[in-house]
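Down below are the structures I want you to see.
Presented sequentially are two complexes of chain A, the first with chain B as partner and the second with chain C.
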Partner chain A sequence: MKSIEMKNICKNYGKVAVVKELNLTVKSGEKLILLGPSGCGKSTILRMIAGLEEITSGELHLGGRKVNHLGSGERNVSMVFQNYALFPHMTVEDNITYGLRINKVCGDEIRRRKNDVMKMLELSGLEKRKPRELSGGQRQRVALARAVAKQSCFLLLDEPLSNLDVQLREHARKELVRIHEKFGQTMVYVTHDQTEAMTVGDRIALFSEGMVQTLDTPLNVYNRPANVFTAKFIGSPSCNIIETKGEGGGVAIGNQVFSLNGSWANLLRGKHDLYFGIRPEHIELSEEPRANSIKGSVRYCENYGHKTSVFIANDGIEFAASVEETRFYPGETVYMTFPQDKIHFFDKKTGCNAGYPENISRSCENDPLYKRRIA
Partner chain B sequence: MSPDARREFFLHIVLISVLSVLLFPLAFALSNSFKTLSDAYSSVGELIPSRPTLENYIHVFSRLDIARITFNTLFIAVIAAVFKVATSVLSAYAFTAYEFEGKNALYFVIISTMFIPFNVTMLPNYLTISSLGLDDALIGVALPQLADATGIFLIRQSMKTIPKSIIEAAAMENKSRFGILRDIVIPLTRPAIMSVGIIFFINSWNEYVWPVLMLKSRSNFTLSLALQMYISSEGGTEFTVAMAVSVLTMLVPLTLYLIFQKFIISTFTSSGVKE
Partner chain C sequence: MTLYISVVLLDETWTRNLLSLLENLRGYERIGLEIFPMFHIGGYSRILDKFLPKLAELPITFHEPYYETDHSCKRGSVEYRVTMEHCKNAFDYAARLRAGHIVYHLNNRAISNKDEMLRIALENLIEINDLADSYGLKLLIENTGVSAMNNVLLDENDFVDLFDMLDHDCLIDTGHANCNKWNLGSVMERLQGRIRSYHLHNNFGANDDHNRIFEGTLDLGEFFRNYSRYTPDADIVLEYKCLLTPDIMNDDIEWIKEDVSHVRRMTCAVETSRK
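Let's look at the complex of A and B:
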């Protein structure tokens, strides 16, 4: 009964359509990530759910109830803003309890909830501080505490971690997941950070230009990208996508031919104009030629410590490969091997995934991680 | 002297001269209010009276119903300031938080009233008030001063500096927009609201032309009208008493300004800069 349903939702600013015919259901207790590049409409969707933005057309249901006409204060939704939006003139505890006091929750209950969230979010001792006397991480936790103390069924988060430094962000991410485990709200989380999307979400809705590009579990989004946009958006460095043509049991990579195994060849029979895709971390590199390897030369390397990104040129095509070793240097010749179970093909016209030979179902219900989280 | 120090030096000379020009009338009034009339005529420029006297003040308190006059002035100033602030806050909030057809046009019309000189509205206002039977009544003086475009402008500028997300965060909790105004917007714009209120109060306190037009009976006089009695044709001989009334008139606005000068200065300097 805590689901969020969006039916044919459109949002226009004047003549500009920001969200186009959105149909999306967030299941009760689910953590749905709205992911996408800036300007893709993800924040607008969140704000429409919160009631901060009017819906141009379509229906929004919260917990089975149509809420289009309700103001944001009447929807029983809590939200964490990107800049935290703490009330600067109120102390930490006043910030946390403001909504409860306004909505006439009884004093004992307010005190109990306040103490609970302050303890859980490690804010004890800061009750009387004003927001300007807090660090960024503390402010973020107060904003979260305020949203949690409301105990509404729906928790909306608008890039809640983007103002934190990397270490704090990791900590706060875990905290978010822990809070969700405790309260089980239906959570909609807007981010442009793919790490957050992959680690926090039960499902990811990836947006581009106001439309859902893909809606799936993090692992499926990563391993079985529905289209070229999805493949390129998730992963860093992003997935190698190379224009190719089917050539009798193989595909052309520049002037060389990469042979496919029988099941791939069967699947792609009759399809000529394709994109070939492989993630940088799935490319195997060697100094010596191997069976079915593609030759290239190292252009430059980026060393991240735990991995090295090697950029390889091959007949005018550039590949990125991520490897653990740092034994490859610019100017060297390397041979790339593409494991057959890690490659992707996309239709060149539509950009859609051309399928996988092993017939792995792409529905998220088969993802064990997802099953466990939802159960 | 280094160039920086030289710059400082000249800057101070300029500031000190400006300050003396501004302060001289104050000192002049204050010192002459403590002189006898003959002393004042023989040594009008002497800033520290050689034979100080309280004669003028005694005169004022015995001959004038100064309590009544002060009350009249206060009554009008408080009504004008309170109502102007209330209407300014409400309309500034409407212009900040609401979206409606013709909002900008309406705002433009309201702001343009700032540029209509008082002389233009004086007679129509006089005719309206007297047709209501309120001439020679304190409330009649206050009535046309219940709203003010300057207040709307200044308070709106201050409200615009509140981040939108703070208002939205309040809207997530509040069913009423008035609650947001009361709990969030007013506390966050308090300095601007207070300084605008004080400016309104002081303006009304010092008002002369409009009360002189409206008020006939002495029992309704305000401080500036009382002052006028001593500087007009027959009062020319009681120049030092006029100075004493001047000092008394200045006392309240000056005190208010000294207490709240920080708010007032920041409101007026930031109003044009932010956003």
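Let's look at the complex of A and C:
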């Protein structure tokens, strides 16, 4: 059993509450991503698990054992830091093996583990180099190799890829997943990068101001955002969130009305003050009006090569739409169609998701990929 | 949190004086001694042996031997052998007095080849760590050295980074941090979960004077604000110059009492604010 349980955990600095009443369980062998903007408390949580920061109140259990009182070295965790934390005067192999030697692992076993991780992380041939003689990607792999060689039950990663360039980051993400598949450690991974969160994690815990906003699979977080914060944080350009009011069988989008189908109308009956949400890539654009389309004017476009973001003004509201074509230009009139199975509504007062009609199920609880990942 | 005063126990009279100082401080619960051992002085073990039962009644921590000791000496050298002998002695008494941890210096001597010294010190740490383990003791690595003495092996960032690489905990010496111009608040924030104890003393920012807590440029108010914020459970050891020499005066005892009272008030406020 290698689960991590956080029960009512609080972290205060004086009167400032950094983490508030956190209740979170990381399943044995799971990869949990702690995602959120800077200052949301995600690194503090990781450091509390590692024993690098004291827990103000609440209980932390690692593998079923309460560890609040245990020092970092007694928790069977290994950690990879953003700055890699390598001994600058030691060679690659010494950096990887030093922790094993000080923990009295026998010589043969040290050699075996070292050779395994160096091969797996493609570090063979770099044994005698010092960190200053390595590229950023190689240093990152050495830090990872050291953590993996420790063979701890719990692998904690604090923004481990943030110092790498885009290509290396993509490669390193795949390596991380591969390493996890081989060793099956319980992994907690802190990042502010939603791509890493979506591609590496079995589940994502999205934080804001020391509280969990969402805890779900990546696909559910994306497709069924629990609240406005989640909808806006995940996705680029971020999800369009428009203040609206229920209008009979539809909702107001500026001065126009977007008609809802019967299922949505039933679900939202009696709910007046809402936010309407739709992701940019789910908006369909056309030059000519279509049934139930909303008229707007193109303000500007951003071309990314593989897609174009089109920013559209409508009665003082701005929409972002992502399309593959580049046939829309500033000043043009366009019509936006919102597929009924791609829209979201949130309660204006609480920001919480208002739910989905039963016939629009996008839940990923039965997602075979997720099931396979944590099996 | 336990409050300690750091002492050498040089002879019988001196030791008796110190123990009566503690009697004088009765009323302040859980004041202990951090023993600064002097095994290089002949007959030192006899003093410890004689007072062992009395010392065993107190909270005790142990500093590793300082004189004739340096962990950045090459293995196999005479210096290394002497260092290990002194350490074995200290560990033996520390274990008998259930000290729990040993304050540890990576180096004491002046820096010659920094990288090489650090390499040797970390290599030696493996053996000394094994030895400490065998006595049931944990090493607390202290921020040692003073710029003016050219014996600072790890600067502020290197020292903090060290604990990303090691599983050990540390002791922060406020006087060393102050005279090396470290940002003590930042160090306390970054190492908070690893800081088990402090050597608390003051100076004027250049020499390691081991002055009273208010005699110097270390801002004690700021220290206790950071202590409360980051390390409210850490122990505090008053490590004063006068307590490390045998010529302690009655006046000294009076102001030590004042300082103990002050630290007590500050740490009690921390404990109250946490409830």
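By definition in this document, the second predicted complex is superposed on the first by the 368 of 375 C-alpha atoms of A that agree within 3 Å, B and C clash if a C-alpha of one lies under 4 Å from a C-alpha of the other, contacts with A are read in each partner's own complex, and residues count from 1 in each chain.
Note that in this section contacts are C-beta pairs under 8 Å (C-beta built on N, C-alpha and C of every residue); 3 or more make two chains touch, one makes a residue touch a chain.
These figures come from a predicted structure and were not determined experimentally.
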When chain B and chain C are modelled together on chain A, clash or fit: clash
Touching partner for A:13 - first (chain B), second (chain C), both, neither: second
Touching partner for A:104 - first (chain B), second (chain C), both, neither: second
Chain B versus chain C as contact partner of A:300, first or second or both or neither: neither
Which of chain B and chain C A:83 touches, first, second, both or neither: both
Region of chain C that runs into chain B when the structures are aligned on their shared chain, from 4-12, 40-48, 76-84 or 148-156: 148-156
Common interface positions of chain A, toward chain B and toward chain C: 50-52, 71-73, 79, 81, 83, 85-89, 98-99, 102-103
Parts of chain A lying in touch with chain B, wherever the complex brings them together: 50-52, 71-74, 77-79, 81-83, 85-89, 98-99, 102-103, 146, 150
Touching residues (chain side chain C, partner chain A) in the complex: 115-116, 118-119, 122, 125-126, 129-130, 133, 138, 161, 164-169, 192-194, 228-233, 274
List of chain A residues in touch with chain C within their complex: 13-14, 47-48, 50-54, 56, 71-73, 79, 81, 83, 85-90, 98-99, 101-104
Contact set on chain B toward chain A in their complex: 163, 165-166, 168-176, 179, 183-184, 187-188
